[in-house]
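Quick one: this structure, given as structure tokens, is what I'll be asking you about.
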Amino acid sequence: MSFQNPVFIPGPTNIPESLRKACDMPTIDHRSPLFGQILHPARKGVREILKSVDAEVFIFPSTGTGGWETALTNCLSAGDKILAARNGMFSHRWIDMCERHGLDVQIVETPWGEGLPADRYEEILTADTQHQIKAVLATHNETATGVKSDIAAVRRALDAAGHPAMLFVDGVSSIASMDFRMDEWGVDVAVTGSQKGFMLTAGLAIVGFSPKAIAATKSATLPRTFFDINDMTAGYANNAYPYTPAVGLLNGLNEACTMLLNEGLENVFARHHRIAEGVRAAVGAWGLDLCAADPSVYSDTVSAIRTPDGFNATDIVTHAASKYGVAFGVGLGEVAGKVFRIGHLGSLTDVMALAGIATAEMCMADLGLDIKLGSGVAAAQDYYRGHSAVSQKDAA
Amino acid sequence: MSFQNPVFIPGPTNIPESLRKACDMPTIDHRSPLFGQILHPARKGVREILKSVDAEVFIFPSTGTGGWETALTNCLSAGDKILAARNGMFSHRWIDMCERHGLDVQIVETPWGEGLPADRYEEILTADTQHQIKAVLATHNETATGVKSDIAAVRRALDAAGHPAMLFVDGVSSIASMDFRMDEWGVDVAVTGSQKGFMLTAGLAIVGFSPKAIAATKSATLPRTFFDINDMTAGYANNAYPYTPAVGLLNGLNEACTMLLNEGLENVFARHHRIAEGVRAAVGAWGLDLCAADPSVYSDTVSAIRTPDGFNATDIVTHAASKYGVAFGVGLGEVAGKVFRIGHLGSLTDVMALAGIATAEMCMADLGLDIKLGSGVAAAQDYYRGHSAVSQKDAA
Amino acid sequence: MSFQNPVFIPGPTNIPESLRKACDMPTIDHRSPLFGQILHPARKGVREILKSVDAEVFIFPSTGTGGWETALTNCLSAGDKILAARNGMFSHRWIDMCERHGLDVQIVETPWGEGLPADRYEEILTADTQHQIKAVLATHNETATGVKSDIAAVRRALDAAGHPAMLFVDGVSSIASMDFRMDEWGVDVAVTGSQKGFMLTAGLAIVGFSPKAIAATKSATLPRTFFDINDMTAGYANNAYPYTPAVGLLNGLNEACTMLLNEGLENVFARHHRIAEGVRAAVGAWGLDLCAADPSVYSDTVSAIRTPDGFNATDIVTHAASKYGVAFGVGLGEVAGKVFRIGHLGSLTDVMALAGIATAEMCMADLGLDIKLGSGVAAAQDYYRGHSAVSQKDAA
Amino acid sequence: MSFQNPVFIPGPTNIPESLRKACDMPTIDHRSPLFGQILHPARKGVREILKSVDAEVFIFPSTGTGGWETALTNCLSAGDKILAARNGMFSHRWIDMCERHGLDVQIVETPWGEGLPADRYEEILTADTQHQIKAVLATHNETATGVKSDIAAVRRALDAAGHPAMLFVDGVSSIASMDFRMDEWGVDVAVTGSQKGFMLTAGLAIVGFSPKAIAATKSATLPRTFFDINDMTAGYANNAYPYTPAVGLLNGLNEACTMLLNEGLENVFARHHRIAEGVRAAVGAWGLDLCAADPSVYSDTVSAIRTPDGFNATDIVTHAASKYGVAFGVGLGEVAGKVFRIGHLGSLTDVMALAGIATAEMCMADLGLDIKLGSGVAAAQDYYRGHSAVSQKDAA
């Protein structure tokens, strides 16, 4: 395996050198105070990145999917009613998980490419005068379509309806890359993983629970052991886990939080926005459209790019890998074959983004699309020249 | 943090240099054929280490505890009857998990320090003429007490009773260090993790399912998504996971299997036995007893050492860490304060073991126990001199 | 420090992941047979890369400059006459070293940008009927100007003159990246370092001595100890050095040789040529000239690019570093301020090269040069699309 | 290769985890200000460790032997008279280097095992009324015999004789492990390397020059280029080297200095003394003698242990490597076969030292020496228990 080129998949991202070193750690005793010196600052760092004061952060040796399961099994009981919109592959999967766990999901089908319909949520919640809906699911950033949704609007819908349902947010591909405000938006469970904005390898489910969500664990009867947050709480009090923690990855998470907070969250978000804008400028120069319906829902972490009818977008991904050694993301589910995706989150520079754009151009030209070589690169260069980071050197 | 001294906890073990490097891997596309070149050989290697021809191996970003949950949720339904003996902290925890998942466990209380009572299993199974017991749990090596159990005897009990219950075995602290024969013993689900015999960091639940266990998933109704083996099977067929895999750790697992199989499993087991015998010789020279009741149940991966009445064994662990920078294991549950544990599994040499023994001696002397300095070391040296490995250099 | 972007300096190059890991090695006994298992294959690998059967390879903990000193001090005596052309900074420095060691150098001043004047060498050698010239120096690839010289022609000059002088060749920035034929060209001492074609960090002087050069050490009286090849020979016979070797770096060198030879030397050279051609296509598209006078002397490892009169080329390098976090090479000596350099040797892909070209474009535009964004990128893309490697994945 | 056991050679030492990571660094531009941020603090750190205010520190990609050559070639001219004692292999080699560089060495033959004869120095210097002696060589710690010499006494000899000769000190195996006072002792050139007290791999010659030594370069005519300190000075002023520096190793040196200075030099020296005392206690318990003649010359970094007449001490080293995978040092030169050496410098703990002592015991017993197993270990344990570090965890 050669590892020369950066990856442009929407996570796991390229890993900063310092984080690789933080993770590559010799064995320590995970039941010793030494471990607490890793665990507690990591949890504190995550909470700060969630922009929360009150949340408790739990970190499982798992992935974002395990984070979803943590949210459901700790707070809900079989037969509980859930409200969720389906506008992409990841919202679909979370809904599927609910159903497999015996929850009763009211699904709001939403076109792939659009954001969550907060207005529909409000109608449904208002109609639920018995407050049978126990939780509302919201995917902050649909990784499959490159669509960001307005979580603040979902909160407003809940508030307008005067509805007490919990708000569970999938922030897997947004948190630590795009603005996320757990407290301000009244999020009850926020779910993410290690391999996106935190720039680490996959292997950690990272969840924040509001006091209300924690209280809900008392009455929730879905079976849970591995993902039980109360076992975690008891363990944390002794600098420990209920089982063996992934110490190196936690050490990396701690370091990642330090990096991100030192850079400044707003700077991190601005950096992602800048790089994304360059990619979008390239897409425009190619004459192509994003899957995302309009600028208000453009994701700053991943762009799903529609290719012309009759063209199999997946060929771009296959060709880039085999001819140029570069990884892009394929389309998933409804948009399989219709889009290819450029991930632009985590550890990335303008210069790396240009390499990805240039590669995409070559691939599209190789495969017969009418793309002018250098056109997308020029558009992105133009943007980056005028919107450079204050100090690229200090970025992750 | 200083990382100079080896650890002597019963896992995670010391990590071989080559495995640290295998895990510390830049990002690749986990949906590409490249990933399949890691995944499939790793699964094949594990199967060979399980001494199985028929088993399907599933690897989750999780831990051994998640492996237990995989066994239960994929094969069982709420209310199912389970037979299990409790002879230490880890068998206790698995039983607790069963109960939290709504299973009906018939518990055979067994003194901590003794092995699983196969004869009692046989009685109970024979009495269960309606075959209500769906699964028998067996902890191959109780990490808390340093006790190994006879899984072949459990199989004989099932066979003698003509009972069709599935046999689930926790081999977390035995597999890849001590002999384990999945097919010969008729094990239906074998559970282990990455951080013991495989010498990696924690972060993988590794499970083997027999065809019978796989068939049981059809009717099992316990809710599962993250740990669903059928989703895994579907993913594996496409060189992928249902979610993001822990690629570096899988790469390490693949390399670990190669190392172990190149050394030869019988050599690996003999190496663990030899090092364990040296530690036991030291314990004898100190005039102390093992928690394990008799030689037939001595574990080759961890020794739990009883200290005199009135002495808090945990002080040894605390003192070793603070004064000498060495990690031993504390006693857990019933034997908390009564034993301390020396882990001797994974990547270890005679020379490293002697360092641990020498440290334990100093600690016990420091804390007022009547231990002659050098006595345990001399007993272990004597053993190691006469039972040296053919080639220590080639060991992991 | 961020390490996200590749470097485009003409060495040290980007380091392949596998070589970083090979170098990052725990301590072993450098007087043990284990060390011989690193040393001897590394020396053998270098000899094969030199395309030599007879040469003895010596490897010093030093740099290419130390390799020059090794050549001089082992083969020559104070007052010896040397023939050398000066056509760049590195040929200049080697001449300077000769003079500081009391050698009498006949210098053929040659315009920077041109190759070594083999015809002038022939005239001078023919005129030296007394054979007072003991050695001819030849810089195979002038890193300062991006100019390659014709070493075969220098050999023909010596042969045509029937002159017995030794031929010392500086191959620091050519060997292992461009074709080098020690035996066929009758090279007596070949000098290189670890940080160019071998893709490692700086720290090793690597030299090949012909039997004739070794014989010359008998009568050479320049003082030498650290760089004495006969001490090395004696050490090597015992798997050792006369002092402490740089074991990890030697391990990396061994691995680098394996990588290069597995890829196939002609493939390695073709890869460098292809990437260089793309860079040159970009330079052409920008309307700029190379420092190298004509295509016959174009270097495949570094391009020195002339900027318009009145423009300080060094500003590009400074600007690229501060604004975009990318390292190019400045002009040195006579061409300081007149050229900037793009190194394209070692571990590099088409995609990485495009990132460098795109960055250079942005910098030149930022600094007011009349460069059309995307123009150089498009020219390089066009070349790379049509001349792709058989398998980029297998490249270093 | 397995890397499980620590090494007990007298350098290169075991490498702390943090230093391995500091050295394993991606490529940066070594002509950029970024490099200055590594170089200058490293030089400053070394100066502080030399306990000097005035010295200039030069760091070459080389080894201690190169440091010796730096001292000679920068400060002396062919035919210059040198005073040196020969009491071991390393003082022998430096003398040999002098002779090969045309210097006229007055050798004071001194029994191997004894320190430098300051009184003889004083006699000779006093007799040299013409001040023909230009430099006095002093090996601070003879690595071959485990003998430390009194450099302050050599300075007193020079002062008592009123002699202006420069004082060159080989501190390769003392500096950064044992007290060294460049200014107080009036040392003109101090020589060391990266692979001993600095705990890094070999690859750097580290030298400190007093103002007087720097002034001597003006008139010194020995040829030098690679090791020329004035070229270095010119380079350093521009954050650069006259050639390509070993950036990663310099980064490691910078980090090593930070570690050592944070620990506190006196703590570092005390730590080495404590560990050495334990080893010496073991030697005493074995009934063996050190090569070092008496306690006043015992080295705190290496112990050379005499074995009984008729026994080949080298067999211990060979046997330890082949049977136990542990590296000790062989005897060199006059004491080859008569001693084996335990290096106890750099990154080492009490616990690691005990492992080495236990291994030596097993080897000696295996080879038929009358050694009681555990006896040396017990003596060392007894010492370490009573003289523990304040905080082992904070040590390197």
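Labels for the chains are A, B, C and D, by order of writing; each one numbers its residues from 1.
To be clear about the criterion, a contact is a pair of C-beta atoms (placed from the backbone, for glycine too) under 8 Å apart; a residue touches a chain by one contact, two chains touch by 3 or more.
Predicted, not measured: the structure shown is a model, and the values here were computed from it.
J.: Identify the chains in contact with chain A as well as chain B, in label order.
T.: Output, common partners of chain A and chain B: C, D.
J.: Which chain's C-alpha centroid is most distant from that of chain B?
T.: Of all the other chains, the one whose centre lies farthest from chain B is C.
J.: From the C-alpha centre of chain B to that of chain C, how far is it in Å?
T.: Chain centres of chain B and chain C, defined by C-alpha means, are spaced 53 Å apart.
J.: Using mean C-alpha positions as chain centres, tell me how far chain A is from chain C in Å, no decimals.
T.: For chain A versus chain C, the centre distance works out to 46 Å.
J.: Find the geometric centre of each of chain C and chain D from their Cα atoms only, then give the gap between the two centres in Å, rounded to an integer.
T.: About 34 Å separates the centre of chain C from that of chain D.
J.: Two-or-more-chain contact residues of chain D, please, as numbers and ranges.
T.: Residues 1, 3, 14, 17, 24, 26 of chain D touch two or more partner chains.
J.: In their complex, what parts of chain C are in touch with chain B?
T.: 17, 21, 24, 26, 34
J.: Report the residues of chain C in contact with chain D in the complex, numbered from low to high.
T.: 1, 3, 7, 9, 11-15, 20, 23-32, 34, 61-66, 68-69, 73, 78, 96-97, 100-102, 193, 195, 201-203, 222-228, 242-249, 321, 327, 329-330
J.: For chain C, which residues are in contact with chain A within the complex?
T.: Residue positions touching the partner: 1-6, 14, 16-17, 322-326, 347-352, 354-355, 358-359, 361-362, 365-366, 372-375, 377-378, 381-382, 384-385, 388, 392-396.
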